[in-house]
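What follows is a single structure, written as structure tokens, with notes after it.
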Amino acid sequence: MRGYTKDKDDYLKRLRRIEGQVRGIQRMVDEDVYCIDILTQISAVNKALHSVAIGLLDEHVRHCVANAASADNPEGADDMVHEATDAIARLLRS
Amino acid sequence: MRGYTKDKDDYLKRLRRIEGQVRGIQRMVDEDVYCIDILTQISAVNKALHSVAIGLLDEHVRHCVANAASADNPEGADDMVHEATDAIARLLRS
Amino acid sequence: MRGYTKDKDDYLKRLRRIEGQVRGIQRMVDEDVYCIDILTQISAVNKALHSVAIGLLDEHVRHCVANAASADNPEGADDMVHEATDAIARLLRS
Amino acid sequence: MRGYTKDKDDYLKRLRRIEGQVRGIQRMVDEDVYCIDILTQISAVNKALHSVAIGLLDEHVRHCVANAASADNPEGADDMVHEATDAIARLLRS
């Protein structure tokens, strides 16, 4: 079982909203809306995606901790932490 | 006329691709795909959006310069530069 | 003459403050301060550096526009715009 | 004991290097170096700071996991995870 399942509906709702925002940006480009307003909208989408990413990360790390606490696989938890920090590094560069 | 009209089709194609990527992320969440893979995909979308933003900015500023060169509205060009740097600041915080 | 000379003293003051903040982070690491507090301080330095970068960009682009308005070198202004957007792309990835 | 103590010397060396880079940026501003080159240097400092931050985060989370595995304080570990994801969110906005 994955760690983020609990809030699945919430994530899906937020991602559908983001999808709608991306469609809105297409419309703005198509209708020659002033480019600075489009940039503002792109910033809003990035922010919303980062917020989803932070939520997923939080659950992932909480999951590692729970795994480690159940004590049957501490090494696996360590690998999961490494994967998480690699993912954060990619987010920071994106 | 807006500065980014020339490459409109290219922007629309990239934004439709980004929309498809966001739908892909929804599918990943829905199918309980491993969260680190979802984070990687979110980083890819952010990168693609930043690339669209940089393209729009480039055209906007080029437009300011062309405006200024035509010399009938140098103050207006200055305001447009301010708007652009404010937009960059928002992008950096997003 | 460079575009940012006018506010040189202000930039130097801010950069000296940033240098002091980086020294503060060294002290925090040396004294085993709680790592989350160090991360908060690193975020503050990044923010301060971005703010300096935005200021320099604003002056650079304003300079391009002034150059273009003086009309003796519109192609040079175009190259300067390209350099600026490349620099923004690097900032976004940093 | 803090989690990052083990690599303290490495962090201190990197932070002193960053401090030197910030001093280099001051010199560049003082000597009216071309602003785009200064922006490139600012991007390099941000990248170096992010890399230090990622290292500290990795150790922090590994520490949470070890804490949880030792089982005497699972709730404390959970709080530490929250603090870590809050810190990541701040980094992403910085």
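Which chain is which? They are A, B, C and D, in the order written, and residues in each are numbered from 1.
In the analysis below, a residue touches a chain if its C-beta (ideal position, glycine included) is under 8 Å from a C-beta of that chain, and two chains touch if they have at least 3 such contacts.
Everything quoted here is computed from the prediction, not taken from an experiment.
Engineer: Find the pair in B-C, A-B or C-D that has over half of its contact pairs, by residue number, in common with A-D.
Structural biologist: B-C
Engineer: Between chain pairs C-D and B-C, which one is joined by a greater number of C-beta pairs in contact?
Structural biologist: The greater number of contacts lies at C-D.
Engineer: If you average the CA atoms of chain B and of chain C, how far apart do the two points sit, in angstrom?
Structural biologist: Centre separation, chain B to chain C: 21 Å.
Engineer: Check each residue of chain D and list the ones that touch at least two other chains.
Structural biologist: Only 50, 57, 84, 91, 93-94 qualify.
Engineer: Over in the complex, which chain B residues touch chain A? Could you list them?
Structural biologist: The contact residues of chain B facing chain A are 1-5, 8, 11-12, 15-16, 18-19, 22-23, 25-26, 29-30, 32-36, 38-40, 42-47, 49-50, 52-53, 56-57, 59-60, 83-84, 86-87, 90-91, 93-94.
Engineer: In the complex of these two chains, what residues of chain C are touching chain B?
Structural biologist: Within the complex, chain C touches chain B at residues 50-51, 54, 57-58, 61-62, 64-66, 68-69, 71, 74, 77-78, 81-82, 84-85, 88-89, 91-93.
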